[in-house]
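Below are two complexes that have chain A in common, paired first with chain B and then with chain C.
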Partner chain A sequence: MGGLAIYPGLAGCDGDMTLNATDATTVLGEIQPGGETPGDIVRGAEEMAGARPSRKVLLGFVPISVLLVGFFLAPLMVMVLYSLWTMEGFNVVPHWTLVNYVRFFTAGMYTAILLKTAAISLLVTILALLFGYPFAYFLVRYVNKKWQILLLVLVIIPFWTSYLLRVYAWMGILGRKGVINQFLMVIGLVRQPLEFLLYNNFSVTLVFLYLYLPFAIITLYASLEKFDFNQINAAMDLGATPWRAFVEIMLPQTKQGVITAFLFIFIPMLGEYITPKLVGGTDGTMMANLIVNLFRGFQFPAGSAVALSIAVLITLILIVFRRYLRVEELY
Partner chain B sequence: MSGKKISRREFMRLTAGAGLGLVGASTLAAGCGGPATSAPPPTSAPPPTSAAPVTKGSFNWMTWSDHYFPDQLAEAASQYGIKVTPTLFSDNSEAFLKVQQVGGKQVDLVSGDALWVSKYYQEGLIEGFDLDTLATAKNLFDVVKQFDFWQADGKYLAFPFGYSPVLVAYNPKYVTSAPDSWAALWEPKYKGKIAMELQPFDVMAMMGKSLGIKDAYNMTPDQIKQAQQQLITLKPNILKFVEQNTELVTLMTDESIWFATVNVGMEDRVKDAGGPEVRTFVPKEGVVGWMDGEMLVKGAANRGPAWGWLDKMETPEWIAKNFLEYGRPLFNKAAYDLLVKQGYEDRAKRYLFDRPEIVLSMTLKGPSANMDLYINAFNEALAK
Partner chain C sequence: METLKRFQLTPFAFRLYGFLGYAFLYVPVLLLAFFSFNESAAGNLPFTGFTLKWYTALFRDYLVIDAFKNSLLVGAVTSLLATIIGTAAAFPLVRSSIRFKEFLRIVFILPIMIPGLLIGIALLVFFSSLLKLSLSLGTVVIGHVVMTTPFVVLVVAARLVDFNRTLEWAAADLGADPWTTFRYITFPLILPGILAGALFAFTLSLDEFVITLFTIGSQTTLPLYVFSQVKFGVTPKINALATILLFASVTTLMTGFYALARLGRPSGQPK
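Up next, the complex of A and B:
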């Protein structure tokens, strides 16, 4: 497979902007050990891509197909059916109706909470990007490789403990007798514990930021690591301000990482349930909390309709941003 | 690349066929025998018996956290070879829903409240038994063995455990004039100082009670609207809805809240946790209340060990300890007598341990006929 030798050169085009036309001609025009030209190899690859895969190869896809159909598609279909049926007492009965969807779109409470959920998710996502980008930038540009790994491990260490424990820990930090209030009282800065720290939208936002910041950092790190910082120097040599160099050179080239981080944070947050329940108070209610109440109250059709409507919304977001979802290129 | 080749189109057709088959099967399950669409199918388990033979082994128990102690589980395992796997739930509707989904294959014993018990039976989810065949049943108060709403077809439907009116607790340090009405909770000066358990039906019922509605679990649509309006007005004063009542103890202990709807015994639980003095009152408009018991799930796969737990471990000693730990009264007369002997008579009487008949005068917890209206009203109030 000597033909693979062309790839390092092509990779250089992607990451090394100093590659000139002569270099490219040399690389692409090189005769490979097997006597094949790069053109032959490309054509061969195209033929392979167009070939009919063997039964053996296709069999390899059976487990994942069964998994997806059995554990994703089939339950989803059940949800779809439930959303179109009605409830009689404690049982779902197959009386077809759209009333569950009509109620979702006409009852102001769902749209109000959905907008609030989206607003909190958006705020947290933007904050995570604002905190995560400088951190990843600092890490990639100014920290040597050995320390980078250590710092990245520190970033992901919280994932080694349970999500629930981490949220409970914040209750211990922000509570009336929590670390912050105790400290402020000991140093005499306040006489009474600060009430606004817990059980409101502030605490929900803060805890979400803590929970999702690592996703932003890791994704942005992967994107920034491929960036050639000489371009910044070159831009500044040519008179660009640091801000202009960032906006016109670095941000466009790391845009994919930013959007991927956005999706990695924003989408799961739309379905968050535990955090608002534990640290949110009555003001911190989010969409998933209402859905859980519906299921608890045996309103399976209504709960299914609301949950599916959210799923459709997420799908629409993914469709809009689909061209940025080339995760394999990111890493 | 040897082997018979198939085209991608053929592959897609194959997998789509398999997929549609599975989806079809699931659809069929949803429509014809899915867990939430009908009563559980009949099982091959023996019909309701007077008693299941006590056997060693494991069983699954869906319950509340205050129905057992870890030490008690350890003793059951070491002395009787009964290994208990408890699963916690927050309210009756959640437990009912889960038992409806999985039945006796995954749950052997389930705890439930008052009128929910008969609902379980009507839906074919539990089976009755002869109470007197349990050795520990002789320890119960006599009145407890005669609750007609817990009997059907000549059988008892649940092994009685505990009871309590849902009272209102307050911190006298901040609530200086002793309240006697639900109205106290609506005073603007108590903004963000109230917590309640996240039990939508019960919260709505309490709102109904505050309006003087008698049958608070079966309110009419108009009454539900009024109750919803009550909740919306009260919402600024509610700090949060908690999942377990242990969190109420925490919140009262650190004085995050000054009011809470609680079971009997909160005063001592807060005190034991190092918190301030807490008092309770029964609102003059009336209260809801609960009484709970353990039910044998129909077709329970491990009924022997489950029965063994009730027969061997619901002893006066453990029940008395449970009372001292959690405060609310229990239906066990022998445990009451033991507490009296141990010098806890005053506490036991203060917390109504000697008055199990009080449950007959409470508005008991139960499922409503208008569940959708209750839940929608609760959700709407939350969203306001």
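Up next, the complex of A and C:
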């Protein structure tokens, strides 16, 4: 899913923007002590002229409103209706019912896949944080400032290459005739190719970790870069163990990065379709695969109900954590 | 003594860890490139000899050429539309003094955070059952524009936030009408943001799979072609295609970074 590609970009902008914002304040700071700037006067004039300029600029919202209402909200509303209607033969008929939702939350198969999806998403998110944190620490502490940006770009680059091809690359590594098996057989460690490397939950988790690790690194780097490491020395001078200094000083101050990474990994994971399809085999099925199967089988109402439940879940997470979505200091 | 030893070990351990991290990120991709030159039809180890035949086979495959053309077309149109719509929305989002900005922010982020799969399926149901539209590259573009416009909004808005408005007010003071001010002051200064947004939208569209899968008719795009080929395993032709695509995206990315860095910073202040 291309959706992923964004996050590094946004995070990349983040760093850039913080810089720019500081520049802008510096410039303003230089002007303002001199008294009223021409800008202040014009702003005053604008305010006196009434709300007109402000209202005119609102016209910019028209195209995006048409787009999002017409081709995002309306289709979702159709899905809401479908999820509340009944299937008769190959047609959806407007007989109101809640059975599609009830079935989703009571049928064992659905709940099992839902729980499994949540579990794998959580596992991958935690693994990405666990592996990403020391890596970001390495970048901030042990890499020369001059080289940091270059090395950070090197982390971002895989993000911008095709998602599909990055998953595919692992098929050639983990498969029956893959690199690992060939290698193990050549050195004589195994006689038969190992079967457990591909088409199961292990391969799904590993590939997801590969796909999402860069994002964890980038967000954690952004947080760690602002951290003042003298505090660690101070804590340890006062007798704290390295672990205690980490838990009580570094971790709380990099909380923002940890939560942002968590959100931007956990949420997209809930809708992952390609990876389980390509490297998951039969037991790797996740929510998105279930939804597609339902729609392919013309079970529109059931499929809509499952899809919307996921959408509602994601929207709720977004609203609860909206504070942490300020990837940039936007508005 | 104990402390000293530990002190010397830690930097080494982290550097090793960093090295292994980069290996993890890059080895899988580099292996693909390596195997694309392997003569063996298995597209994998062992390396039986150097060849370029998978590349020539690729260029002779009209399915690939066709898919490539479709992807470029969809990407270009998507990028153009998303950039115009997104830039238009970024202005009021940053500059107007409306109260429901927080709400709008979440609305704009929603198409990014809602899985592409849901957007694709919702559009499929919407187009085919409700509007009775036949699916085509046009419907694909609509899906892609929905997905990419929010990114353009975010990128351009970020640029606008840092914009030094005194420059516009100065132009107005000197008698420039709003259009002239926009044409000669605002637009050149936010251009890097707009270009970044356009590049963003183009790249996302080029790589988009799930929305395309559900909104396309009988045509195919590059990701759909790749998916149809790799569903059942490794093929050397896809290794060749992968190598070309990876090389192209890295080059584009590097050029983009370089160009944006050169285009300068907002507000026009010198670096």
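Keep in mind that, in the parts below, the second predicted complex is superposed on the first by the 271 of 331 C-alpha atoms of A that agree within 3 Å, B and C clash if a C-alpha of one lies under 4 Å from a C-alpha of the other, contacts with A are read in each partner's own complex, and residues count from 1 in each chain.
Everything that follows uses one rule, which is that a residue touches a chain if its C-beta (ideal position, glycine included) is under 8 Å from a C-beta of that chain, and two chains touch if they have at least 3 such contacts.
Model, not experiment: these values are computed from the prediction.
> Should A:Met87 be classified as contacting the first partner (chain B), the second (chain C), both, or neither?
Only chain B; A:Met87 stays clear of chain C.
> Is A:Tyr137 touching the first partner chain B, the second partner chain C, both, or neither of them?
second
> Look at A:Phe61 in the shared chain and tell me whether it touches chain B only, chain C only, both, or neither; answer first, second, both or neither.
A:Phe61 sits against chain B and chain C alike.
> Taking the superposition on A as described, I'd like to know which of chain B and chain C A:Leu129 touches: first, second, both or neither.
After superposition on chain A, A:Leu129 lies in contact with neither partner.
> Looking at the overlay, what does A:Met109 touch: chain B (first), chain C (second), both, or neither?
In the superposition, A:Met109 contacts chain B only.
> In the superposed arrangement, which partner chain does A:Ile120 touch: chain B (first), chain C (second), both, or neither?
Once the two structures are laid over each other on A, A:Ile120 reaches no partner at all.
> Please indicate which partner A:Pro75 is in contact with in the superposed arrangement: first for chain B, second for chain C, both, or neither.
both
> Using the superposition on chain A described above, determine whether A:Glu195 touches chain B (first), chain C (second), both, or neither.
A:Glu195: touches chain B, not chain C.
> Contacts for A:Leu165 in the overlay, against chain B (first) and chain C (second): which applies, first, second, both or neither?
The second partner, chain C, only.
> More residues of chain A are touched by which partner: chain B or chain C?
Result: the larger residue contact count on chain A belongs to C.
> Go through chain A and flag every residue that touches chain B in one model and chain C in the other.
Shared contact residues on chain A: 54, 58, 61-62, 74-75, 78, 82, 92, 175, 177, 277, 295, 300.
> Quick one: in the complex, what on chain B touches chain A?
Touching chain A: residues 1-8, 11, 15, 18-19, 22-23, 25-27, 29-31, 34, 36-39, 91, 93-94, 96-97, 100, 119, 123, 192, 198, 200-201, 235, 238-241, 243, 254-256, 367, 371-372, 374-376, 378-380, 382-384 of chain B.
> Give the list of chain A residues in touch with chain B in this complex.
Residues 52-56, 58, 61-62, 65-66, 69-70, 73-75, 77-78, 81-82, 87, 90-94, 107-110, 112-113, 175-177, 195, 198-199, 277, 280-282, 285, 289-290, 293-300, 302 of chain A touch chain B in their complex.
> Please output the residues of chain A touching chain C within their complex, sorted ascending.
Against chain C, chain A makes touches at 1-3, 5-6, 9-10, 13, 17, 20-21, 23-24, 27-28, 31, 37-39, 41-43, 54, 57-64, 67-68, 71-72, 74-76, 78-79, 82, 92, 131, 134-135, 137-139, 141-143, 153-155, 157-158, 160-166, 168-173, 175, 177-179, 182-183, 210, 213-214, 217, 267-268, 270-274, 277-278, 288, 291-292, 295, 300, 303-304, 307, 310-311, 314-315, 318-319, 322, 325, 327-331.
> Sort out for me which residues of chain C touch chain A in the complex.
11, 14-15, 17-18, 21-22, 24-26, 28-29, 31-32, 35, 42-46, 84-86, 88-98, 101-102, 105-119, 121-126, 129-130, 142-143, 145-147, 149, 151, 153-155, 157-158, 161-166, 169-170, 172-173, 196, 200, 203-210, 223, 226-227, 230-231, 233-234, 238-239, 242, 245-246, 249-250, 253, 257, 265-267, 269
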